[in-house]
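These are the structures in question, set out in turn.
Here come two complexes built around chain A, the first alongside chain B, the second alongside chain C.
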Partner chain A sequence: MAEIRFDDAAIRGIVTTAGDRKVMIEDEAEAFGYDERTLKRLKRSMGFASRHVVSDPSVCTSDLCAQSAHRLFKGLAIDPSSIDALLFVSQTPDYRAPSTAIILQDRLGLSTRTVAFDINLGCSGFINGLYTAYSFIHSGMERVLLCVGDIASRFAYPQDKNLTPLMGDAGSAVLIERTVNSPSAFVLHSDGSGYEHLIIPAGGCRQPVTPESLEPKTFEDGAIRRAVDMFMNGGEIFNFTIKVVPAMFEELFALSGREKETVDYFVLHQANRYILQNIAKRLGVGAERLPMDTMTEYGNQNSASIPGTVNARLSNVYSQKRVRSVFAGFGIGLSWGACMVETDTIFAPPIQLYQKGQA
Partner chain B sequence: MTRDEMIEAIAEVIDTEATLTPETPLESLEEYDSVAVLSLMSWFDELGISVAPKDFEGLKTVADLLALAEG
Partner chain C sequence: MRETIDELVKETIRELNEDLNEAALECPDEQTPLFELLDSMAVLDFILGVEERIQQRFGRYVQVADETTMDASATPFKSVGSAVDFIMKKVQNDG
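Now for the complex of A and B:
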């Protein structure tokens, strides 16, 4: 059972870079075929307002993560060659092979004595990546660089009215270091029986790319996309989330021995405001301790949404105080995980936007 | 909860000001959309009733929602 505690690893810094182009939902409504009533309803209940995407179609997730990593190294005065491992968590790698993490090792000036590989996860990716980083430290490493994020505007079909208006582009870099007396607890879950609810069906070995899979079609859910694009069954994902996430929090409180009252902030995957309000209500925690509106401004940042929320909404808190946090991610896989960690005045500047030439 | 209270609660959950009866066709309610279905699923879950998105396919009237709530 994946329930683990550590006390020898901690986060030292978190930097997130979001797409440079801000798109307002009003400007996209026509392309998605929303009438006025639908637009109003989606703005009010789901929290649709704007999202940040990259303006240059050649920019990859690794470029956003590289810009974040440079800022992180500078902010913490870290020599890149002192890093023992680089993990890249994404569903939008530079190439189908090799691992983008290895390309980043060279690009960021890390030593060739670095462990580097990719992890293919989305919404739960930050938790699984952080767990892997903490495990590396526990096994003897000193410093691990965790890069997470997605160019979601690359895997969602531009006219898919169900998925595209939710999605934003972002890449984070997080530094994890050896420390003492920093208790943390992780709970991780996987359920492949729901793999078809969030999926890019074509482009792998099971369903190779064919001329047909590149043809846009209107699917049963009324949305236009291609078989090579991401599909989401929103109802199934919502239903899954409200069932598993509250139960996972209970497991985490029991494992850590700390109740919800002792937690300063709950930073959850920012799927959309509607899901977060629902979870917050079940958890009995208000918006002052559980930020819900990162998606409203930046879009759903996938695996970067938890670090993205730290940078976009809680930069002052994390930079100035000791904080006990619960982080939780849930979605594609299906995969869900949560952790309780302590941080002490880390480097956490406000979220930055991508600038060409900075990576 | 009585049947009338259930109907009142359904109106509140799907956020409609229309007066509902068991015979009210769901498609006559402009608020009955995919967001309303999420809200109903969440409400059923809080009541301890386990439903899946596909259970809402083919429902025609408020009475069908009541039947779903009654299992």
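Now for the complex of A and C:
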């Protein structure tokens, strides 16, 4: 069981860049075959309203992260060459090889002495990435840049009515630095027995791309997709989330030695409205301490949804005072993790939209 | 207690069916199948509706969903009767 505590690392800044094109669910309803009543139900239970995607098909996750990183360096007056490690957490790298993190090392002006590699994770990616960054600091590094995000709109088939209306594009950059007396606790879990419930089946070595895998098919659930697109068994993911997330919080509270009442904000992966409301009610925490509507405006930002929520909903709070937070992510893998961290007046500007030339 | 839960479950189904227009759900009884007539979004809607009504009637939140909710072979929502039994236990145990 991965349960770890640190006291020598802390977040100094969080910046998120979202896709520049805002898509309203009403504009997509006809393409997905939603009638007015279905649309009403989906808005109520899932929180569908709008999402932000990139308008330029050549833009990659690394471009969104690079824009975020430049803004982060400027806001904190950081010399990029002072960064010891760069982690890029994404399911949409620039290339199958090499690691996008290494390309970003050069692009962002980091030293060739920087450790740089990719981590392939989705909704739990921010927690796993943050844990890795804190571990690096604990091992002796001074500064780690964590880049997380996805061009999620690109791994869902455009006419997949179950997945595409959920997906938003975003890339975040987070700076973690050495400090003292900043207690943090992490719990991390993986369960590969459920790997088929959220998967892009074709495109790897197990199932290489073939002409057939590029053919769209209509499945039993009425969704259209190809084998190279993301598939989600919504029911199984729902069951998984309901089962593991509340138990994970109990583990985290026990490990940290702190009760939920001492936590200022619970910033969770923005999966959908029902899941977040359910967790909030079980925790006995209101929307003022557990933001639930990032997905409603920006779409599900995958690994960037936690930093995205900090920037989109809590920018003033994190920028102006000391905050004790619980962050939690859960999804593809299956993989889930949570951490309790403290931040003190960090650089956390409001979320920004992608602008060509800023990356 | 069971009568109250039965009433709020059927109220929720009737409201949901205003959108779904399923003939089998127009006059639900104990034997009426439920899960097989709903897609996963409609199951979520049903749960939301039941949880809201429980909160209104009993003044507290009771989580109706669990890890078997969307499992076709294990779901407690196979029929209206099994849903009522399951929800009643949830309300009693969370009391």
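Simple rule for what comes next: the second predicted complex is superposed on the first by the 359 of 359 C-alpha atoms of A that agree within 3 Å, B and C clash if a C-alpha of one lies under 4 Å from a C-alpha of the other, contacts with A are read in each partner's own complex, and residues count from 1 in each chain.
The working rule: contacts are C-beta pairs under 8 Å (C-beta built on N, C-alpha and C of every residue); 3 or more make two chains touch, one makes a residue touch a chain.
No experiment lies behind these values; they were computed from the predicted model shown.
Under the clash rule set out above, the superposition-derived model of chain A with chain B and chain C contains a clash between the two partners. When the shared chain is aligned, chain C comes close enough to touch A:40, but chain B does not.
In the overlay built on the shared chain, the residue A:117 is in contact with neither chain B nor chain C. In the superposed model, A:243 makes contact with both chain B and chain C. Contacts of A:219 after superposition: neither chain B nor chain C is touched. On chain A, the surface patch touched by chain B in one complex and by chain C in the other comprises residues 37-38, 41-42, 45-46, 234-236, 238-239, 242-243, 274, 278, 282.
Residues 37-38, 41-42, 45-46, 233-236, 238-239, 242-243, 274, 278, 282 of chain A are the ones that touch chain B when the two sit in their complex.
Contact residues on chain A toward chain C in their complex (touch as defined above): 37-38, 40-42, 44-46, 221, 234-236, 238-240, 242-243, 274, 278, 281-282. Listed in rising order, the residues of chain B touching chain A in the complex are 30-31, 33-35, 37-38, 41-42, 45-46, 51-53, 56.
Of all the residues in chain C, the ones that touch chain A in their complex are 18-19, 39-45, 47-48, 51, 61, 63, 65-72.
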